[in-house]
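The structure appears right after this line, and notes come after that.
For clarity, chains are labelled A, B, C and D in written order, and residue numbers in each chain start from 1.
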Amino acid sequence: MHRFPDYLLKGHANFIAGRYTREKERYRDLATIGQSPTTMIIACCDSRAAPEMIFDSAPGELFVLRNVANLVPTYQPDGGQHGTSAGIEFAVKGLGISNIVIMGHGRCGGISAALNPAPSPLHSGDFIGKWMSMLGGLPDQVGQNDLMTASERQTALERISIRNSINNLRTFPYVAELEAEGKMAVHGAWFDISSGELWIMDSESGDFVRPEL
Amino acid sequence: MHRFPDYLLKGHANFIAGRYTREKERYRDLATIGQSPTTMIIACCDSRAAPEMIFDSAPGELFVLRNVANLVPTYQPDGGQHGTSAGIEFAVKGLGISNIVIMGHGRCGGISAALNPAPSPLHSGDFIGKWMSMLGGLPDQVGQNDLMTASERQTALERISIRNSINNLRTFPYVAELEAEGKMAVHGAWFDISSGELWIMDSESGDFVRPEL
Amino acid sequence: MHRFPDYLLKGHANFIAGRYTREKERYRDLATIGQSPTTMIIACCDSRAAPEMIFDSAPGELFVLRNVANLVPTYQPDGGQHGTSAGIEFAVKGLGISNIVIMGHGRCGGISAALNPAPSPLHSGDFIGKWMSMLGGLPDQVGQNDLMTASERQTALERISIRNSINNLRTFPYVAELEAEGKMAVHGAWFDISSGELWIMDSESGDFVRPEL
Amino acid sequence: MHRFPDYLLKGHANFIAGRYTREKERYRDLATIGQSPTTMIIACCDSRAAPEMIFDSAPGELFVLRNVANLVPTYQPDGGQHGTSAGIEFAVKGLGISNIVIMGHGRCGGISAALNPAPSPLHSGDFIGKWMSMLGGLPDQVGQNDLMTASERQTALERISIRNSINNLRTFPYVAELEAEGKMAVHGAWFDISSGELWIMDSESGDFVRPEL
């Protein structure tokens, strides 16, 4: 049971023979010079929504934090071990990132758990419910809308949550400051797993629209 | 400044024309049936160490949590908002994951910050120092070893930290239980950015060795 | 001022030289044998959402009723002059239609008027407000959802209204009966003017999804 | 039975690959800027008489209301839900339309039902008879003319009904007013399904004549 999974080893062999061989110089430079990504992506852990796949990214391009449901808390410098906040601080202060993208996605299990408080393995645990409580009353508000179908409520909360995280992100003083100075931009995006399409949040209206590609 | 970065849109267009087109059926099935990854990877936010690249993964294969320096805290069901613990709970209880891999990497910025408490933008912040304090006295212990070069100390702490996270992971009761029952395995791995190689932790000795590919 | 618009005459000359010439036989047969469409479409008057364009239809294929915001009232055999109900009766009893599609669309002016009761030329009139009142309390319920953007509320009501019209359609005894006997099906659809895409309502969940083409 | 009709999906795929692809810019502009048609067409639901086909129209050109037999009621601001009147109000007050065309056609089923009160599925219903009663005593008057063939009576009533609707349209105060000011024109037209020809009503005499194309 403690053998490293074979399929991962095979995948890694493919990486070495393929991408690494093709981009060897790039990897060496990235090791020597260090990383200098200009964009941070805050995404979900979901196995279907890897930013590097969705953006067909090269190594070194994206600084990627992934947590359940791509949530950003408010700025709380209370001495606690805030992993997401540490990632944001690292990206902004350590790397001088100029874009932060909060990327949600369809059929998100964390959002679903927040919307459906029925007893399930996810609710008997100690952490998921607490983590999703970062959304405050939003799941209840959306959940009460019985004019929308279950799937429409799910999509609505996925997008409302992105807007909420963007608001929270702006409570970080340096984010607000850099954005005001025009040195940083904060973006929202939502990935449709089924169609493969990315929807971009309009920064004025908060609407999600499909960009021309 | 609020325009969504062009290079991301171009990358996404490549994804749609390339990988998505080739794997359309897979994406549709993943959307309809849901994700059922068997492996969780806990990795760093570093732009050079994306698990999906390193393991040449297909969509749906890896449930990936990424935080600064791929740290796992101990089990602390204290009602706080623990993002990494929520991710572990989701993977184990929600998805029935059978492998968890903690993957560190060379030249890790978080590990470097922990080892070098010299004044820097990263130390004046509110979150990174606190986050790395999860390593307790380990950075100090390694840092005092002046027989090793700075680079050796860096690599050493990167690997020590992986073993530390594995220990912390086993403080989660269900992880310990499932592992004891032979239903789950916990692995360590370390990625060398420069050579592209993955080093696998031997589960008995804790050593990192290069697997035959 | 009473001259018939020139551009319509030119368009008609194009029709005669083009489509009519190509499909002369079909038009003659349709005149002689009569129409026998199998599908009724209830659509909006909007100039951007003509069913025959969207479905690239041939003459004789679609029986099309168009009113403001593609609304269907409940069955009210009260002796009033109900135009939409007359159209449904004609399609079902006169033509033996086997499919009825209620097709809404994005940026619908009628839905917008229902959502935005601010004074405007549309509200000072005698008929539009009354007509849209067929939606009952739905616009108010959707309008109060301040978690959604104005555009999201608009799309939500467009789709909720389609589901509402489908429910109303089923209050017509013969529609309910034929549907129960498996001789007729009722469908919802929503047209995105900007992308040209049609979204189809899932008959189980009420969700709108893009079909594979 | 609840599957969306395949031929509609195929037609839509043709639309996307054909017209939409050719006029993509136009659709995008129409979505962004909004519709601004200058002409409203009031036509019949008949599957053989789609205005967009007959006038070879571009998207955005025609605001189209379609009911059984293209009837316009008199202005009745009695608080009832008058769909056709709501469409006229929307066109005139909301869109500032400058032309309204009432377009009838040959072999109209609604006109036929009004002329032939013999028992038929259409007469046992609750709505069609009531709807056609908008023509008052006209069908009886035409029906009693046994000098005309059945087909001639049919064509005659189709045209008489258009003139009747034009008169009714002028009972809408704003229509009469705008027409008097020379800001709007009201037109009649009649489409011959078999020959494909459009006959235009002479505004002075009320005659229907074939225009030079």
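Simple rule for what comes next: a contact is a pair of C-beta atoms (placed from the backbone, for glycine too) under 8 Å apart; a residue touches a chain by one contact, two chains touch by 3 or more.
Nothing here was measured: the structure is a model prediction, and the numbers come from that model.
When each chain is reduced to the average of its Cα atoms, B sits farthest from subunit C. Each chain gets one centre point, the mean of its Cα atoms, and the points for subunit B and subunit C are 52 Å apart. Subunit A and subunit C have Cα centroids lying 39 Å from one another.
Averaged Cα coordinates give subunit C a centre that lies 15 Å from the centre of subunit D.
Residues of subunit A in contact with two or more other chains: 195. If the chains shown are joined wherever they touch, the resulting network is a simple chain of contacts running from one end to the other without closing.
Contact residues on subunit A toward subunit C in their complex (touch as defined above): 138, 141-142, 145, 147-152, 156, 159-160, 195, 205-207, 210.
Of all residues in subunit C, those touching subunit D in their complex are 1-5, 7-9, 11-16, 18-20, 24, 27-28, 30-32, 34-35, 37-40, 45-48, 50-57, 59-68, 71, 73, 77, 79-91, 93-95, 99, 101, 106-107, 109-110, 113, 121-122, 124-128, 130-134, 179, 182, 184-185, 187, 189, 193-198, 200, 203, 211, 213.
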